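Naming follows writing order (A, B, C and D), and every chain is counted from residue 1.
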Amino acid sequence: MDKPFAITLDVGSSLANHTGSWRTSRPLYVDSLPPCNNACPAGENIQGWLFHAEAGDYEAAWRVLVQDNPLPAVMGRICYHPCETSCNRGQFDSAVGINSVERFLGDEAIKQGWKFAVPDKASGKKVLIVGAGPSGLSTAYHLVRLGHQVVIFDAGPLAGGMMRFGIPKYRLPRDVLDAEIKRILDMGVMLKLNTRVDNILDTMKSGGFDAAFLAVGAHIGKRAHIPAGSAAKVLDAVGVLHSMEGEEKPMLGRRVVVYGGGNTAIDVARTAKRLGATESIIVYRRTREKMPAHDFEVEEALQEGILIKWLSTIKQVSDEGALTIEKMVLDDKGFPQPTGEFETLESDSLVLALGQDVDLSLLNGVPGLEIKDGIVQVMPNMMTGHPGIFAGGDMVPSERTVTVGVGHGKKAARNIDAWLRGGEYAAAPKHELAAYEKLNPWYYSDAPKIMRPMLEVVRRQSTFDEVQGGLDETSAQFEARRCMSCGNCFECDNCYGVCPDNAVIKLGPGKRFEFNYDYCKGCGICVSECPCGAIKMVPEDV
Amino acid sequence: MLKQCEGSHAVASAVAMCRPEVICAYPISPQTHIVEGLGEMVKSGNLAPCEFINVESEFAAMSVAIGASAAGARSYTATASQGLLFMVEAVYNASGLGLPIVMTVANRAIGAPINIWNDHSDSMSQRDCGWIQLFAENNQEALDLHIQAFRLGEELSLPVMVCMDGFILTHAYERVDIPAQEQVDSYLPAFVPRQILDPAEPVSIGAMVGPEAFTEVRYLAHAKQMQALELIPQHAAEFKQIFGRDSGGLVRPYRCEDAETIVVALGSVLGTLKDTIDEMRDAGHKVGVLGIVSFRPFPLLAVREVLKNARRVVVLEKSLAVGIGGIVATDVRMALSGLHLHGYTVIAGLGGRAITKASLHKMLERAVKDELEHLTFLDLDHNLINRHLEREKQKRRSGPMAENMLRDVGVVAARIA
Amino acid sequence: MPFQPVKFYQTGTFTVGNRLLALEQRSVQANMQRTNSLNSGHRACQGCGEALGARYAIDAAMRASNKQLIAANATGCLEVFSTPYPETSWQIPWIHSLFGNTAAVATGIAAALRVKGRREVRVIAQGGDGGTTDIGFGCLSGMFERNDDVLYICYDNEAYMNTGVQRSSATPPAARTATTMPVGPEPGNVFGQGKNVAQIAMAHNIPYVATATVADLHDLEYKVNRAMGMHGARYIHIFVPCPLGWGAASNDTIRLARLARETGLFAVYEAEHGEVTSVSKIRKRVPVEDYLKLQRRFAHLFGKTPALETIARIQAMADKNIRKFGLLEQGGQ
Amino acid sequence: MLQIRIHGRGGQGVVTAAEMLSIAAFLQGSYSQAFPSFGSERTGAPVVSFCRISDREIRLREPIMEPDSIIIQDPTLLHQVDVFSGLKDAGHVLINTAHSFEKLGIGDIMSGRRLERMCTVPANELALKYVGRPMPNAVLLGGFAALSGIIKLESVAAAVREKFSGKVAEGNIAAATAAYDFVKQKMQENVHA
């Protein structure tokens, strides 16, 4: 073409004009810490595994999940999911059903028979774990993955600890538990049941262990000083729940009173109902708002006909089982104060659910070990005062949940590994929290949470069938897709699309994006329109 | 083929034989008969393939032509007077973009006062718009110039305006030799645009050009017109070879060889002037007439060559540069730099006033005696003017002068000329 | 079929792309091989809504036409920032002629293509609100009336930005421009009766008329695609915020477009042969203040003594739109 | 060179008359030129058209101020417009009327002129009869052929066929022929008178 001078131009020639020089601040891609991850006691990369579940790649999702937590099917049932409590989506419509997706993945893994990979290289180090509860199993799992040899000693007849002996079947079916424990053991973990460790140092020495992790749990029910007749049937909750796993089911009678306000109290009351109690009554000294048990469990218990006497303390138990109850009031600070008003409550048995103590006998004579208020003190790296002996789970200061125990396992394993290698484990610095204010929620489709199916009340009152059902695949995927990917790019292409200067380069699936600073004028639209807050603006160094 | 027909019809036939692909039409007298004729040809299928577009204004007419030409179609439109002024912005744009559109201007006066009759004010207003402007003396030449216009415009990638006197030529029946299609085809090759909007080879046409290159762009536009000064005579010669007649060219001298007095003019008045000159020659006066065909580019050298031996030049023009006098005269004077001869400007034929032989005789007889004023308005009604000026002196009257004067003139409908 | 929202994909309906969407549900803009018809290096201001809208629209048209596209462009920001000699940002055959003649130039191009039998090559005319609703209106109407095979796209930023923010017939009431300063008893632009060119286009009974904003890419692309699927005169009016002219933050461009829609001030709909065929419902209705407050051109309404009456009048305009076009979901907020 | 001026009113085909006259002359091998008095013609307004006929190229573009012949298509113009302005003493005058010059009130003006160069013809009547509407232009050309001898009736017929077709053309030719005969006869009567 014989183009006229200056008037007619070759296409695309403006690429010679680098408008990036106009910029006074530049956009940067960032990865922030999603609140779910931040809240998870097991430190699960929830967003990471939801990412794969969203796309329907459940195995990949499961594999990301189990990098942090080897018990997803268990977690998906009994975790109190603080992730959902902190989920940003809760401020938009309702939190993502992370727990139900986790359960779906866990169940799917069992169904498909997915196995854990075992590393080829062995470290040559051998670690003793005492206690096959969540914390011990988790530690074992992580240590094996780090190349160490692991032996678990457990005093009980079956592995699982509180998962088996503290949590009723209707919340955690035992086949699920067994399957997930087996998968860990299949990694080459040696488990010695009915093996009580009396002296940890001796055991370590005789077994040639380089380190030990103690996770014996807290299995001793606390006894309150309640004057009771000699014939009165007073039991402790841990014992009741434990005996549920044996041949002999506990005989609680028709009127069962449970004393306490924690989750264990609820578990026992609901168990009693299922064992045939016509009346299962919880006596608690404060109000529902103050109750430590999770509200959804209280709600489920109430649905099943459990009665709760609020603001009540048990003063005395007669031989016949008649309980003297004193009415309480809350003072200004929320503490219950006696009123001097009394009433009587008939019962066949009283179960005390007032908390548990740790059996510390195995630690006798271990130098350097510090015990305070009946629990073992550990350093931030989970090591006790005695080098090489680590501890976790319910026997160390912490919230006593399965998830926390699992989290301890991961943390302890990393530190044990570091210690065995003569170093110190340094966790990667935490990213900035992806707060809701940093999101542009406009972009998320309106999609309320899917509720999991619940067993009908009649069957819940008479059987130990699992109360809460799981999600089918479609629902689980839907739920996964409700994830807003707070703080981390999920490749929605918004930045790529909204840039008026085409200054965003799309790198292709899974590779995210890059800014082309030759042309980026620094308008900031990409930052404002990033749904998940994964871009920030920083001033140019002028 | 010889034919007795209307000038507009002759032009329409010529344009049709040039195989235009897009024709834009908006009615304004006196060009209407041309596009009406073409419209009928397109609608009947006699001119195909061709798009005939009835636009909503002259501005749109030129704009549609711009788009069509830029997309590679041979494009044509016609206008006059107010219509030309209404499209001015697009007229400049067409030449600026170098689009070889051909447009007939059926010359007509510009208002106010509104006037539909002939003069050259419209074309003259566009003398600097960058188009080539060719003026036809008669209908044969009007026909021929259109064929040459397409050839010239496309060769240079410049638009060409063919100017013909409104009514006097457009509405006159006279003998024309209408060429055969084969002749036109052998003279005018198919349109090969210099630049084209085509997805196969995308370009951006119409960039904004700043001070760093604008002068160069304008210079190149000027250079193209200078190139046209060479091409126009070549094309006229080729035209003669194929069509057998003289048409076009830069200038047309008549009896100028030994003339002491030469009248310079454009368009149809040349005919009346030639008759007048013949009569004056018979009476012993050494007079001649120089017709200018190509007003843009203005053939300075050719004009100078003809005028250099004369003693006086009378530029007779149908346009007035208010506040100075002649428009053509100014350009002619450019050609005479350094020559010592008397120059007179005669403004004639404004708004359709007939230019009669009698008036021309009177004027030229005074001119040859150098008694003519330097700026003369032919057949000006001095009494009327004086009365008005007198009135104004007594009482400053605002409002349109034309109305006051019409009151003096009385009913005009009954006047023959 | 009007544009269908994609409900089950996290952000599918609203974001540009999203890896979870089926390829055909993703926007043209999400494509790594998109044309970038308006390429980098153009000289539009930071956060220019018009630059964005133009790339959105032309890229979509390029896909719809299989890259057989020619565009005519009116004088204005878009023209000036895209083609200053010696650089052009356009990747398509493109012509700028004048401010007021774009529709006619496009008619000419379409005529040329028709006469040459190149039906596969499609023609777009584009301009700002000044070039469309004011100076180019005559040619636009003529193009409509003749039903020429041209898609005209107006990028409406509600004033003459190229010349320094002067009022156009698309400038909203009360807005400050260089020719409607916020002084005197009625500060800012007058409350006129408005000039709704999309509605005027509909009155020509042309095959397709639509409005859109840069805040809803999928809807915009759907409309361009729909328009490109038809022949004859078509008109799309795209709302494109101007950070400079509106006195808004450069990163608020899309947000403002979204708010214009969510307040009801800018109705988003499509019409065929003069009849409205679909309306984009308001998703989360907000009061006009939310929109106005982000723009310094309305700052005089929110001084020490807020111009409550004026704000109420603007709210009434939004409410009228909502009623007229039925912008709320049945039983909506 | 012969110059003919035609007067009439808008809507009477005055311009077409001049054009047909020029075509007729062209067909006879002459150069000719026809043009209207340019105006925004409105029905009923006085209109003038011109025709020059020559054996050489016609370059002159001025209006015809000293005609060799005049054709008056509408006698009501006689007292409105100076239709005889500049008419050469020996010029032809053809007036469309069924009445005599005296009755038209122009007896005085006509009295000084050569009788064999003046004639009236009821062109409206003839047009009504042959064409169906009172369009006198072509009819008068037939009369003018008879009166002036400048053009032949066949040339007029051929010119009519160029401008019109079918029934209209044939009707006009019949009317023109009738006018031709009428004028021929009237001229003879004048000679014998």
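One rule holds for everything that comes next: a contact is a pair of C-beta atoms (placed from the backbone, for glycine too) under 8 Å apart; a residue touches a chain by one contact, two chains touch by 3 or more.
What you see is a predicted model, and the numbers here were worked out from it, not measured in a lab.
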Central chain (distance from its CA mean to the mean of all protein CA atoms): C
Inter-chain centre distance, chain A versus chain C - centres from mean C-alpha coordinates, in Å: 50
Chain A and chain D, separation of their C-alpha mean positions in angstrom: 114
Centroid spacing, where centroids are CA-atom means, of chain C and chain D in whole angstrom: 66
Chain centre separation (chain B, chain C; CA means) in Å: 44
Residues of chain C touching at least two other chains: 82-83, 85-86, 88, 90-92
Residues of chain D touching at least two other chains: none
Residue numbers of chain A (touch at least two other chains): 6-7, 9-11
Which chain pairs touch, all of them: A-B, A-C, B-C, B-D
Residues of chain B defined as touching chain D within the complex: 2, 4, 6, 29-30, 116-118, 138, 166-168, 171-175, 268-272, 274-275, 352, 354-357, 413-414, 416-417
Parts of chain C lying in touch with chain B, wherever the complex brings them together: 67-70, 72-73, 79-80, 82-86, 88, 90-98, 100-101, 104-117, 121, 138-139, 141-142, 145-146
Contact footprint of chain B on chain A as seen in their complex: 1-11
Touching residues on chain B, where the partner in the complex is chain C: 21-22, 24, 49-51, 53-57, 59-73, 75, 89-90, 93, 97, 197-199, 201-210, 212-213
Sites on chain C touched by chain A in the complex: 5-20, 26-27, 29-30, 32, 36, 38-44, 46-49, 51-52, 55, 82-83, 85-92, 217, 243, 249-255, 258, 284
